[in-house]
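Two complexes, one shared chain (chain A), two partners (chain B, chain C).
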Partner chain A sequence: MMNGVLTIALNGFRESRRNRVTSVLVVFALILVFSVTVSVEFTFSTFDRVMADFGLGVIGLVTPALALFLSTGLIPREIERRTIFMVVARPVSRSAFVIGRYLGNLFTVGFLLLVMAILFLAQLAIMYATTNFGTGIHAPHLVALYGLALEMVLLTAVAFTFATLSSQFVATLMATCVYFIGHMAEDLFNLAQRTKVVPFKLLGTGLYYLFPNFDRLDFKDRATYLDATPMGELATATAYTAAYTVIMLLIATAIFERRDFK
Partner chain B sequence: MVSAVETSGLTKIYRLDLLSGGKRIVALDGLSLKIEAGHVLGVVGPNGAGKSTAIKLLLDLIRPTSGTALIFGKPPHEAAARRDVGYLPENPAPYEYLTGAEFVRLAAELSGLRGAERNRRVDEVLGQVQMGNFASVQIRRYSKGMVQRIALAQALVARPRLLILDEPTSGLDVLGRKLIREIVLTEKARGTSILLCSHIIPDVEALSEDIAILIGGKLVKAGPVTELLSHEGSEVELSFEGLGQAQVEGWPFTIVTAGRRLVGRCAASEAKALINRAHDLGATLVSMHPIRQTLEDTFLAAVKAQGQQVGSVIE
Partner chain C sequence: MRFRWIPGVAAVLTLVLVRAEPYPFETRHWGEIRPLLLREGLARSLAKPVRPLLIDLYWLRALNGMGEAETAERNQNLAQYGFFLTELDPRFFHAYYYLALVTPYSLGGDRYLNGELALALVRKGLAQFPTDIRLRTLHAFLLTYIEHDTRAAVMEFVEISKQPNAPAAAISAATALFVDEGRFDEAIEMISQAMGEESRGGLQLLSDRKKQLEIEKLLRTLDAAIERTRQKTGRMPQTLEAVVEAGEWPAELTHDPHGGELAVKDGRGYSSWLVGRMEGITRW
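Let's turn to the complex of A and B:
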């Protein structure tokens, strides 16, 4: 099974590399990250904060967009174009197909994140070394990038789950909603605790526990102010992402196992 | 010896959504058939007869509403059951971003072939389907015939014991059809069991040992080609000189051409009596030969008997 998963994953990565839309997005993302340097030219003070905030903000915008775009379209497109026939008819289980496709997307988005991260960190280091602006690379920057990687892992799994049961349009809509609700999870929970209307309280609390809490994985603000994140919190965030991702993939494979490919 | 394919009461019913009236469509209705190891079964039927549905059930692409299917004794939902199966779908859709060689290599890897053996088999099948010169071209640049050949190559790459071919010659030119017929014959000689679905009945007749006729989701006829055709082929064609059209009026004799010679058909059992009657009228029998019933005749008769249906809405 592992060989099948890896073969499908590597093929998915190759598909993204040859996909023109992905290439355009990659170029766009790199230009955006590079524009951090330009933004500093218009800054009078706190260069380090502007660089970190702008750079991580751009990466935090591009990565989920790419994760959503790639993950929600893939399975509906395979079924619609019937390319899936010649893969699923092979001695490959459907769960291997789903996990392989998921990993293929992860490789793609992960590769892009890695390239953007290297460019961002290089800018911090070069700027510090050549002009003495900013503070160079610090642990909170790396933690923020790690948080973005966790967010990508989880968001891809959520988008994949929706894609196994609906069209690309519906899956994109649903996954985008989950992404934004997940980023407002803490606010929703606090609001639910303050309200006196019981149904709202229950709804807010329910949504908080049901939806993935992307706020837990967001360390960008701490990178801006160079605030340290305790190791325990990082470990919890990692375990939370792993558990939620496994649950999402189990749901995705369970749905996919029952589907008819007409 | 375990059968290559065995189905029992295989049924697939699709439920339409509420906007479409919530009706149920019986795409396949209680299909029971068997393909013995090393045999070629040709499945013919009009559009919507359930041929592709049956294939998809065998490959676990869709799940049956009821009934069972076994491939070499294993249910198709077990991945291991599909290890020995090569599948060429109708209007195949390979990954267009891959080259022909990459696509066949992908198929080989998914079937568990690795390293030197995989590379050797990929080269072999690309040569077999005469695509060696285009192996490094992206599939998006292929013609329809080339796509069909590369799809056949991926079906053959893992040396399957069962080949499932859905409309393998559709949309191909004469050379392409000839090549595919030759490959099927080669595989047949190698002992591969083959399930061949096609609209092109002469192809099915030429390549198959057994035939199944599906109409409206139901199996209406099945058996060895020779048996099916010999049962139906009980007519003879007679040619007389010195016999007029008016003279045979009322005889159990269907005129084919009338001129200097009167040519017509009758049941083989009636032939002797008709020849005697013609002789009594002074006519001479010029020729007599049995009418060979083609599969197409059998198929058309079956369709006529059933009334052509595209699925059957039962509710």
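Let's turn to the complex of A and C:
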């Protein structure tokens, strides 16, 4: 079972690597991350802030885009090209296939995130070493990148779940909506607490717990001011991501098990 | 063709979301910073995943705006950027400070446009950074030149001077309050204490202020002697000798402690060392 999952995951990783759109996106992402250095030339007195915000902001834009694009395309494409029959005909369970594809996708986006993170951190370090401004690499920068990685793990799982039950277009649309709602989850909760209409309050609170709370994984604001994040908060954010991802994958595998490909 | 209403609805929604009100200021000048600002609600919600990036993009736009030719409208627009940025990030000190600094538009003399906007931005910043010396100093300047409330400005300098890293200029300006109330010994003590602090910058400024205070203290005594002479002789003395002759001033005291020659003019005492007189809070 594990070998099968791993083989599918590695195949998925190789497939993504061959995908031209992925390559174009990677080049675009790297140019964007490089351009952070240029952005610093347009500011004064706030070099650290601009560098951190632009770097993390660009990574925060590109990573979800990549996660959404790659996650929602894999399974619908397999079904569309009928290559899914070749896989399901083999002694590999459908659940293993979904999990393998998910992990393969995670390797791809994770690898790209890692490359962007290394570039960003290198820029911070070089700026610190070669100029009078800049504060170098600090824990809040790493925490923000870790938050982006958690976001990628969760968003990929959400997108995968949608991809198991619909076309790529619909899955992308739904996953994008969940991404934005997830970032507004806390506003939704606060709004629900303010209303005096009990059904709305219950609905708002229910939706808050139902949708993934991406705000909880967003530590970019703290990197701006080099604010520390308590370990407890990081641990609960990690546990939250892991739990939500497992639930999403369980739903995805349950849907995929019952799906008719005819 | 069945779905051609979709772009229309999307366009209308975009217009409503992005700009529901007319642009707050004139935007037709080419080459001038335009306050094409998102509605705060939209920036807070939809742009939340990339909020720091969005804030910094607007910040860079504001910085570029500062480099453009100065007009009253440009300054007004920069203030709007300041309010917008600080609404999205209340901890963004630079947005309060720099944008408030460039907001007033000088009409010459002591007349300014957009002064109220600058004051509002600084006060918004002070709510976040109540002890920040730069913001408080800017507040004091705006109180002086925009609201013409020099007493409030000097009180601001007094508050600044209580902080351990207060700049010499603020301590010097704070003494204007004591001059106004005739509390010279306290003012001199304050300056002496500041001068005695280790690693204190602006020693020359403080030293000069101390001399001014010592001379002013003496001149106030001379003013009183001139008044007593006027009451005694029925005429305003025109020279120091006239005050000495009336027995109201010691003949040997013709110079202040720093070597300036004492004189009488228009019923007031003057020293050649001190240009004019210290007028308290009206000229801090």
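Heads up, the rule we're going with is that the second predicted complex is superposed on the first by the 262 of 262 C-alpha atoms of A that agree within 3 Å, B and C clash if a C-alpha of one lies under 4 Å from a C-alpha of the other, contacts with A are read in each partner's own complex, and residues count from 1 in each chain.
Keep in mind that, in the parts below, a contact is a pair of C-beta atoms (placed from the backbone, for glycine too) under 8 Å apart; a residue touches a chain by one contact, two chains touch by 3 or more.
Model, not experiment: these values are computed from the prediction.
Peer 1: After the match on chain A, would you call chain B and chain C a fit or a clash?
Peer 2: Chain B and chain C fit side by side in the superposed model.
Peer 1: For A:Tyr225, decide between first (touching chain B), second (touching chain C), both and neither.
Peer 2: Touch status of A:Tyr225: second partner only.
Peer 1: Mind working out whether A:Arg14 is in touch with chain B, chain C, both or neither, as first, second, both or neither?
Peer 2: The first partner, chain B, only.
Peer 1: For A:Thr236, select first, second, both or neither according to whether it touches chain B, chain C, the two together, or no partner.
Peer 2: After superposing on A, A:Thr236 lies clear of both chain B and chain C.
Peer 1: In the overlay, answer first, second, both or neither for which of chain B and chain C A:Asn190 touches.
Peer 2: Neither partner.
Peer 1: Touching A:Phe54 in the superposition: chain B (first), chain C (second), both, neither?
Peer 2: Once the two structures are laid over each other on A, A:Phe54 reaches chain C alone.
Peer 1: Here's one for you: vertex at chain A, rays to chain B and chain C, all C-alpha centres; what's the angle to the nearest 10 degrees?
Peer 2: Once the two structures are overlaid, it is 160 degrees.
Peer 1: Between chain B and chain C, report the minimum C-alpha distance in the superposition, expressed in whole angstrom.
Peer 2: So the smallest C-alpha to C-alpha spacing between these two chains is 17 Å.
Peer 1: Would you pull the chain A residues touching chain C in the complex into a rising list?
Peer 2: Residues 39, 42-46, 49-50, 52-54, 56-58, 60-61, 64, 179-180, 183-184, 187, 214-215, 218, 220-221, 223-225.
Peer 1: Please give the residue numbers of chain B that touch chain A in the complex, ascending.
Peer 2: On the chain B side, the touching residues are 14, 56, 59-63, 79-83, 85, 87, 89, 91-95, 97-98, 102, 106-107, 109-112, 114, 151, 154.
Peer 1: For the complex, give me every residue of chain A touching chain B.
Peer 2: 1, 3-4, 7-8, 11, 14-15, 18-19, 81-83, 85-93, 96, 258, 260-262
Peer 1: Please give the residue numbers of chain C that touch chain A in the complex, ascending.
Peer 2: 44-46, 48-56, 59-60, 63-64, 89, 91, 94, 98
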